[in-house]
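The following blocks contain the structures, represented as structure tokens.
Look at the two complexes coming up: chain A is in both, with chain B in one and chain C in the other.
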Partner chain A sequence: MLTHADIARLLPHGHPLVLVDRVAALEPGESIAGLKAVSTSELCYAHMTPGLPPERWAYPTSLQIESFAQCAAILWFETARIREVLDDQALIALAVRRCRFHAAAYPGDVMRHEARIDTIVHDHLFVRGETFVEDRCIASVGQMVAAIGSRRTLRDAGGTAQTTSESEASHG
Partner chain B sequence: MVDRARMEELRELVAEVLELDPDEIEDHADFKDAYDVDSLRAIEVLAQIERRYRLDIPQRELADMTNLSAVYDVVSRYAGWPVAST
Partner chain C sequence: MTGGAGVPFAAPLSAVDRVEVLHRDDGAALELRAEKSIDPGDPYMPGHFPGFPIYPGAFVPETVLQALAVAGGALDGRVPRIVALRELRLLAPLLAGDTLTCTATVTRRDEPGVLGVAARVRRGDGRPAARAELEVRFVDDGAHAR
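Presenting the complex of A and B:
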């Protein structure tokens, strides 16, 4: 299990872009279960007005996938730490495929992302998994692909992975 | 001599990654020209092959894996399958 202090140390993101609250289970090289509580205090709800229909309060699926991806990134960083590979690892999400949304998460829900490493091939991480609210599977990710590199290399290559934008460019 | 059953397995695997029907994947059709395969799709094909057959194929081989027949040739060298004569 990882606390939010651990997560804040692992992910290059800063507040308010860290979308994982706690890691409930982690097996480096294999799988992770990460928790994210949905709250009306989040930025995505900042401009909501009274009178909107209930479905408008559904947590944005884009942020839900980002939250899932951050769990996958934590899994990779912990895997890399155990394997003693580069200590300035960075991930760039390349593709999310075969994504299915079955239901939405709403304020008050706790999403549980269960992500598993499918394979790691030539500096590419392949992950799949599901997102649950309580016992209900609300989404599945058939495949997420991320390129593994070093932060320094990414900076040299693209020039975009620096300071604040680094958190957007180098997450999983 | 090509192992047709293995070739059909590869056709299905490639089709799954490219999100196409297996019948659409011709033996010698160039992946890039015919199916718009980019470097990401190519690495996904390689990843699926390595996973399915538990092989370790060097990334440099990707340059030669430009059509299904060529994929068979590369995989056969690492998996010990019969090598295509054409």
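Presenting the complex of A and C:
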């Protein structure tokens, strides 16, 4: 539904940290299914030496979280575009909560992140979802929270990011 | 460090430069302090963001995991894996050129082999940058059955 070219245009991230390859399904305001193929050619495997056992090749949880978060961001940017709410949108990640990682992804696997918008409260986006490899759920994300704004206002607010974040605690 | 990670498992970058064990008691509790300089030349950093490098929030749990791996000494036969992220709070950006300090308290959980980690990350100016609460399990290298 969205190609890698669309994704590269939507996300502020650049190579090699664009961690969504393709969007398989997207319903603005509701949900997204994003795909990320894991490959041994990625930088996270650059230091691996022959002879390391298979468990060591588990795709890093940190990159898996980042990949999920990028799917959530794409969902928001497409939602904002449809609603014409912002022409210079940006998100700042504030919190991630209640995540469980049941199993890992390995080179050759394709992760499918299914993310849903829970609610939008006071310019705060709340998303949750799961990550699958084939039909197996390997992770659940209870809540991701991001501040919504224009790139300009969020940049200006950079010095008070902590205030913004602390105020989020009352919603979270 | 501009090459790969300094740990013997897949990792986006070397997420700790120094790790110090502040306190270790026989019961299980462990207190750690780790430092990491935010280097725009590190792997993945050119993409986050182009021309404006910020340490990704998702790399905070990576720093905690690698601090635990380094403090645990040799990893013969087992590898640490994040099994739960109870909470990650991002409080202020970690910008290139800064050095983060992560202090973590590690305790055993009821479930065998699972460690609970509560971590705080500060910037060089002392300002809180992140808090993280997660659970880590040391997985046997032979456990991978597919």
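Basically, the second predicted complex is superposed on the first by the 158 of 172 C-alpha atoms of A that agree within 3 Å, B and C clash if a C-alpha of one lies under 4 Å from a C-alpha of the other, contacts with A are read in each partner's own complex, and residues count from 1 in each chain.
The rule is simple: contacts are C-beta pairs under 8 Å (C-beta built on N, C-alpha and C of every residue); 3 or more make two chains touch, one makes a residue touch a chain.
Computed from a predicted structure; not experimentally measured.
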item: Joint occupancy of chain A by chain B and chain C, clash or fit; value: fit
item: Touching partner for A:95 - first (chain B), second (chain C), both, neither; value: both
item: If touched residues of chain A are counted for chain B and for chain C, the larger one; value: C
item: Touched partner set for A:126, first chain B, second chain C, both or neither; value: first
item: Which of chain B and chain C A:3 touches, first, second, both or neither; value: neither
item: Which superposed partner A:63 touches (first chain B, second chain C, both, neither); value: second
item: Contacts of A:54 with chain B and chain C, given as first, second, both or neither; value: second
item: Partner chain in contact with A:39 - chain B first, chain C second, else both or neither; value: neither
item: Minimal inter-chain CA distance - chain C and chain B, angstrom; value: 9
item: Chain C-contacting residues of chain A that also contact chain B; value: 94-95
item: Complex contact set, residues of chain A against chain C; value: 12-18, 43-49, 52-63, 65-66, 69, 92-101, 104, 106, 158, 161-162, 165-166
item: Chain B-facing residues of chain A, complex; value: 94-95, 118-119, 121-122, 124, 126, 143, 145
item: Chain A contact footprint on chain C (complex, rising order); value: 3-6, 8-12, 43-50, 56-59, 61-62, 65, 79, 81-93, 127-128, 139-144, 146
item: Residue numbers on chain B that touch chain A, as the complex places them; value: 40, 43-44, 46-47, 50-51, 59
